[in-house]
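Both complexes below contain subunit A, partnered by subunit B and then by subunit C.
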Partner chain A sequence: MPRITFDGISKSFGDTQVLDPFDADIADGEFLVLLGPSGCGKSTLLRMIAGLTDITSGTLLFDDVPVNHADVRKRDIAFVFQSYALYPQMTVRQNIAFPLLMDRMSGWQHLPILSTLIRARLMRDERVRSQVNGLAEQLGLTAYLDRRPGALSGGQRQRVALARSLVRDPSLYLLDEPLSNLDAKLRIQMRTDIAALHREVGKTFVYVTHDQIEAMTMATKIIVMDGGKIQQIGTPDDIYDRPANTTVARFVGSPPMNLVDLSSGDQQWRQSLRRSYGDGTVVGFRPENVRIVPSGAGIMPGTVETVERTGPESIVAITLDGHADSRTYARVPNDMTPSPAERVSLDIDMSSSSFFDSVTGERTELPVTA
Partner chain B sequence: MTARADAKEPLRLRLVRSARNGMTPVMLLAGPFIFLGVMIIWPLIEQVWISLTDARLTNPSAGEFVGLQNYATALSGSALPRVLLNTMVYTVGTTVIALVIGVLAAVVVNMKFAGNSVVKAILATPWAIPSVAAALIWLWMFSQSRGVINRGLEALGQDGIAWLTSEPWAMVAVIAVTAWQAVPFVMLVTLAALKSVPQETAEASRIDGAPRLGTFQWVIWPHILPTVRLLAILQVIEALRKWDIIAVLTQGGPVNSTNTLVIAIQRQAFEYQQLGMGATYAIIGITIAIVFTLAYLLLERREEKKNTR
Partner chain C sequence: MGFPTYWMINTALSSRQQLFTEPQSLWLQFTNWSELSRDLDGVPVVSMLTNSAFIAIGTTVLTILLSVLCAYALSRYKFHGRGAAAFLLFSTQMVPQGVFLIPIYTLFLGLGLVNNLWGLVLVNAAFSLPISTFIIKAAIDGIPYELEEAARVDNSPPLSTLTVVILPLILPSIAAAAVLAFFAGWGELMYATTFITDRAEWPASVGLSVLVSQPGVSMPAVMAVSVMFAAPAVAFFLFVQRHIVSGLTAGAVKG
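Take a look at the complex of A and B:
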């Protein structure tokens, strides 16, 4: 059960730097999510942890032991691939048992014909049978044990891939966007299942996704990545309530955090905000911290663009005066929605707002005066 | 929609409509069928007919109908068993050797190493040489007194071998040359299959604890197996109709020891001028090829079903 330490880890392919050096320390038993848009380097980082991609510089440590050059097979890890990567010619039973068989077979036993005979003998082994049957029961695969992956649905294949990774009881689980090929309903169910699994086995999980809902619901710790850089490391609440910079603020949340740059524009409401918060400041606030009030009553005047009903509530898109190029979103109860083109004003809970430097985009802590 | 509106439909829609009516498939398939009929089926029927006559090379179309007499003669004589045995040894020998060496070469060439593409190009050359030219090159190399192979053996202190004129060695020589020419094709096609091995599955096997040989056995081999099976049937059929290499190297000798079906057909028809008997041998050969092909197709269908069950 390793504690994972990233000590100045970086990766480049030739001249292209895909991951800037960074340090991080992940405690044992953590559910770490690597979150970021596609191409941000998160899958590369996961493959580096697995040993499938070599590390350009820095040291990766499991429990303070450097593992940069440790063989993939010696790392005691499980890896669930986005494509599931099942063995198509093997039955579900053989797929799940595969890691157990590999543990028991020495090198020369993989020779053709001989290996098939040895596998047949090992498959009859009582411990192999009971382990495979137990997992199949746990994951609802008992009825499919003698089918091949080609005859299974996406969700079933996903569960076979999970079972195969669980069977050896590894100390570290690595999952690369495992839910992205599933339909929405199944994804929500699997999300819960995987989170429950983590609580049950109590091992360290590293989970890669570009879906921030997955990250927020499952993680105990999130690393937000963008453009090969680590943007923020923290708990889901840290990331959501106190984004480290405007990149994180824009990426997390649906709709994301509203950002209002005070450094330009000469409307009266901007000038008064500037007096309170400084003129090089970006104010960030979540859509749920916005109240829509009659024109003239709040602190930011604007015009309603669209109203989207999501069921329990509505998302209102507003164009602030002098802010025509971007929209500000408010999450409001259904019975309090304004109509499109209506003039309104926004009242914002400044105590829960974030402030960023308008040049660097970094978070700044301002004394809240409003 | 009325019939009159149909005429104004775009061509594509009209094609779709007539496809549903069943005319388009017939029209599209007519071309290949006419071609096959003229080039394959008609000659085949004629061949069957000739095999039932005593036609000679001097009067090809004036043979008398003799029923199954040619078949009776062929099957009861002592020549055919030897010819069939030769054909089997030659076919199995060339197929197994070409597949084993070709697949191994593909696996090696698929690894990353310096000069990889040069090696690939060199290994591919035998395929580019016309069979007769290749056979001539080997004819010189096999020469008993001046050939490079016997020179090499002598340098090692061994006696030279009468490669093309002594009993087991003539067959060894023709098999070696045929396989030598077939290896590059096997290698290139296998290489293409190796390139499409799903990387994530290969990586999964490493994480599951498989050594290199294990990854080959459980991931790579099952993936390329359908290709290897296809190459095997292609190679079998190629061997069943290979004529030029044997004709140049041994002409079926010595004492019929490399006399395969195709060589026997040519001898019967053109040396002994027994056109009817030649046709009989040809029909026997075609029957064997069809049996192999059907067996292959049945096997493929079974495998395909297996993976979705």
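Take a look at the complex of A and C:
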């Protein structure tokens, strides 16, 4: 059960730097989520942990032992591929049993023909059978054990892939967007199942996703990545409440954090906010920390653009005065929604707001005065 | 295809007299067996067919064995000169086979491979290898790379990854390549006539060409041998053809 340490890990393909050097330390038993938009290098990082992609510079340590050049097969990992990568010619039973057979076969037993006989014998082995059957039972695959992957639905394939990785009881689980091909309902169910699995086995999980809901619900620790850079490492609450920069603030949350740049514009409300928070500041606040009040009462005046009812509440999009190029979102109870084109004002809970430098985008800590 | 085959059988069953004195009957006749067996007397049919089978099977096995390994390397490993190796392999197809006849003959003379069926196996495999390699390489290219990565994660050594994970998926292409190699070995004439002078080592292709060029040749006998020469090849094709069906990769990755 390894503790994973990234020591100055970076990756480049030829001249293209895809991952800037970074350090991080992941405790044993952690559920780490690598979160970021497509092409940010998160899958590459996962493959580097697995040993499927080599590391350009830096050292990767499992329990303080460098594993940069350790073979994939020696790392004792499970890897769930985004595409599942099931063996199409094998039945579900054979797919799940494959890692067990390979663990039990020694060098010369892999010779053609001989290997076929030995695999057939091992498939009848009581321990292999009971392990495969037990896992199939647990994941609801018993009815499909003798089918081929081609005859299964996406969700079933996903569970077969999961079963195949679980069967060996590895010490580290790596999952590459395993839920991205599933429909919404199944995704929510599998999300819960995987989180439960993590609690049950107590091993370290590394999970790659671009879905921030998945990240927030499952993770004990999140690494937010963008453009090959590590943007923030922290707990889900850290990431949500105290984003390290405007990139994280924009990426996490749906709708994301509202960012109001105070460095330009000469409206009266901007000037008064500038006096309180400085003129090179971006104010960031979550949609749920906004209250819509009648025009003239709050801090930021604006016009309602659209109102989206999501069921339990509504998302109101507002264009602030002098801020026409971007919208500000408020999450409000259904009975308090204004109508489109109405003039309103926003009252913001400044104590839960974040502040960023308008030039670097980095988080700054300001004394809250308003 | 159908009519010439029928005519071949029809001619084989006619008597020589019928062929030369009257219009050949459209219908099969089964009355001339004794003349046919007399004409075939002294033609070493069994040894000819055995030799052909040895060459064809040897060529097929050697070609498939080497081209699977070669195709796998060309498809999956990155090494310096990969492109050059692939080009070199394919460029052998640009030169007529006859060009190599004399060089290979002198080479085989030194190696003791003249008048030796193994020599023909080697030559035919060498000529079948490029096309077979490219057929199989194309099939391996079509297999998602993740399958092999999954196998690595599942603790499978490269040998098992190739034989257990990859091979079953490229079986249709292997069957297609095997058909080509088998027919190349079965019907090859130029190298066989040049290299094999010992009558006992003649494959059927050589035997047939010698038979047809003999003075006073019996046309029914030639045709009878031709039928016997064609039948195993057709049988082999029908046997392998079942495997040349659409691939099995469905269900490997999403879709």
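One rule holds in what follows: the second predicted complex is superposed on the first by the 370 of 370 C-alpha atoms of A that agree within 3 Å, B and C clash if a C-alpha of one lies under 4 Å from a C-alpha of the other, contacts with A are read in each partner's own complex, and residues count from 1 in each chain.
Definition applied: a contact is a pair of C-beta atoms (placed from the backbone, for glycine too) under 8 Å apart; a residue touches a chain by one contact, two chains touch by 3 or more.
Keep in mind that what you see is a predicted model, and the values were worked out from it rather than measured.
Model built by superposing both complexes on subunit A: subunit B and subunit C clash. Contact with subunit C, but none with subunit B, is seen for A:N181 once the two complexes are overlaid on the shared chain. Judged by the touch definition given at the top, the superposed model places A:F79 against both subunit B and subunit C. In the overlay built on the shared chain, the residue A:R157 is in contact with subunit C alone; subunit B does not reach it. By the touch criterion stated above, A:F98 is placed in contact with subunit B and with subunit C alike.
In the superposition on chain A, contact of A:Q89 is made with both subunit B and subunit C.
Touching of subunit A by both subunit B and subunit C, each in its own complex, is seen for residues 50, 52, 72-73, 77-79, 81-83, 85-89, 98-99, 102-103, 105, 107, 110-112, 115, 148, 150-151, 164, 168. Contacts from subunit B toward subunit A in the complex involve residues 198, 200-201, 203-211, 213-214, 216-219, 221-222, 306-309.
Against subunit B, the residues of subunit A that register as touching in their complex are 50, 52, 72-73, 77-79, 81-83, 85-90, 98-99, 102-103, 105, 107-108, 110-112, 115, 147-148, 150-151, 164, 168. Those residues of subunit A that touch subunit C in the complex are listed here as 50, 52, 72-73, 77-79, 81-89, 98-99, 102-103, 105, 107, 110-112, 115, 119, 148-152, 154, 157, 164-165, 168, 181.
Per the touch definition, subunit C reaches subunit A in the complex via residues 144, 146-147, 149-157, 159-160, 163-165, 168-169, 248-254.
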